[in-house]
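The following pair of complexes shares a single chain, chain A, combined with chain B in the former and chain C in the latter.
Showing the complex of A and B:
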């Protein structure tokens, strides 16, 4: 069954996985971030296939835009010219392999017979409006909690980063 | 189901544009490489032919302030994303959703005021 949807999904999934593998295997951090962007964009494409266009737009807007920028800044703040050293050790590799295999088997068992009931196929009709209606009438409390979470993130970041700066100023004075 | 397929076929145009966007610069750069003369010497490979010699790696350690600005950008970006579905579905939701959204925005305004008071928005 070689439909266009299938081909598109395979291509996007391939790009996403290759991006993920490159993210781990590349040595320079900037290249890693570019690989990560490829993964994010192809995940947005998969959302489009699933008729979740608003989520796809958000994925591009937030993840491949904002999160990538914040990761770049985070990298630029640290000593990013280091290259990672190869970690040796037979036992470590063996346990790693066992862990990966165990995770793979667990996921396979988990999703092989998973039966997701077919939902109504009208997601593509006014996608954003449907999200708005369900978000602001059924899921009010999670939505308001999100605002609290964002507030906590903002204040937490300011507390952490500003404290460093004040220390620097004091150090300069001394 | 028919309608959905018909709808998704519209993305073929998006795909065509994606291909054009990738192919066009590649072809243009490759044609330029074919047409231009190739006579390299050392001075051509310097960053500025007449100017200060560049030194040091260009990827230096950034100031922590950039990070706070980026983080605030992300947080208000997420807020904006929540505003879109609210604005689109506003007519069907009514006054209750307006109050919800006001609470939501108020929470983030508290964060903004906190940042302002902490002088995060100032550069000096």
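Showing the complex of A and C:
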């Protein structure tokens, strides 16, 4: 029963969960973001186990590359020496913990003995080619709409983060 | 065929989702709240890819959908950080409980 796949899954899952727990427990904001990189990379490993090699590559590029760097920029541009103190109020934290744990237990009851008969699949054969064919035939309209969404997000982010020229002039006058 | 049961993958996704939910609700720094939301989206991606391989009808659709989720998550992170920087310029704070302009 102790096959290589199982050992790889356990190791990756352990690293992912440790990264998440460090996110909750560390005090410095930058350390939290760096701890989450471990989680993102091991989730990419989980995708490889699930025969989704292309998603794994995208996960490493987008999450542990782009999003982590953009979050680090966000921290550097605001308060880089911030030590995130927890929200005051022990009761609030306790109730939140109980609520999240309740949610977790409720979902776990639903999934713990889920057994779906395994059907043969060919996902591991030419994975990227399959995704490409699917994207350009069946999902062509959502795929093109995604480009519009990214354009809107790009322009929106620039407009929001741009410094207001009028405000600057007024500030200089004062 | 596979030595790892499907419920193991789903349980891992559940644990990561719970960590992300707890972080999003308890942390004060807005950047950490944003990145906790990314963690939750990532946990959902694990579920999508798991069902695309071990579901009742295995198909590539789950992986394509995970790609769309990653795209939308990246757009959300960019816009969220732009809003955060605009707020920081006006209010000089990144703590989420001090952003209460809409509170009566």
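Please note the rule applied: the second predicted complex is superposed on the first by the 145 of 174 C-alpha atoms of A that agree within 3 Å, B and C clash if a C-alpha of one lies under 4 Å from a C-alpha of the other, contacts with A are read in each partner's own complex, and residues count from 1 in each chain.
Quick note on the criterion: a residue touches a chain if its C-beta (ideal position, glycine included) is under 8 Å from a C-beta of that chain, and two chains touch if they have at least 3 such contacts.
Note that the structure is predicted; figures quoted are calculated from it, not measured.
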Task: Three-chain arrangement built on chain A, chain B and chain C clash or fit - done: fit
Open item on the list: Quick check for you: in the superposed arrangement, does A:109 touch first (chain B), second (chain C), both or neither?
Closed with: neither
TODO: Would you check which partner chain A:128 touches, where first means chain B only, second means chain C only, and both and neither mean what they say?
DONE: first
Open item on the list: Just checking: does A:67 make contact with chain B only, chain C only, both, or neither of them? Give me first, second, both or neither.
Closed with: both
TODO: Check the residue A:98 against both partner chains and state whether it touches chain B (first), chain C (second), both, or neither.
DONE: neither
Open item on the list: Which partner chains sit in contact with A:21 here, chain B, chain C, both or neither? Use first/second/both/neither.
Closed with: second
TODO: Could you say whether A:76 touches chain B, chain C, both of them, or neither, answering first, second, both or neither?
DONE: first
- [ ] State whether A:157 touches chain B only (first), chain C only (second), both chains, or neither.
- [x] both
- [ ] Once the structures are superposed on A, label A:39 by its partner contacts, choosing first (chain B), second (chain C), both or neither.
- [x] second
- [ ] Mind working out whether A:5 is in touch with chain B, chain C, both or neither, as first, second, both or neither?
- [x] both
TODO: Quick one: name whichever of chain B and chain C touches more residues of chain A.
DONE: C
- [ ] Once the two structures sit on chain A together, report how near the CA atoms of chain B get to those of chain C, whole Å.
- [x] 6
- [ ] Report, in rising order, the residues of chain A that make contact with chain B in one complex and with chain C in the other.
- [x] 5, 49, 51, 54, 58, 62, 66-67, 70, 73-74, 77-79, 121, 130-131, 135, 146, 150, 153-154, 157-158, 161
Task: Touching residues on chain A, where the partner in the complex is chain B - done: 4-5, 30, 48-49, 51, 54, 58, 61-62, 65-67, 69-70, 73-74, 76-81, 121, 124, 126, 128-133, 135-137, 140, 143-144, 146-148, 150-151, 153-155, 157-158, 161-162, 164-165
Task: List of chain B residues in touch with chain A within their complex - done: 1, 4, 7-9, 11-12, 57, 59-62, 64-68, 70-75, 77-79, 81-82, 84-90, 92-93, 96-97, 100-101, 103-104, 107-108, 110-111, 114-115, 118, 120
Task: Touch list for chain A against partner chain C, complex - done: 1, 3, 5-6, 9, 13, 16-17, 20-21, 23-24, 29, 32-33, 36, 39-40, 43, 46-47, 49-52, 54-55, 58-59, 62-63, 66-67, 70-71, 73-75, 77-79, 82, 84-87, 93, 96-97, 100-101, 103-104, 107-108, 111-116, 118-121, 123, 127, 130-131, 134-135, 138-139, 142, 146, 149-150, 152-154, 156-158, 160-161, 163
Open item on the list: Applying the document's contact rule, which stretches of chain C touch chain A when the two form their complex?
Closed with: 1-12, 14-16, 18-23, 25-29, 31-32, 34-36, 38-39, 42, 45-46, 49-50, 52-61, 63-64, 66-68, 70-79, 81-86, 88-89, 94, 97
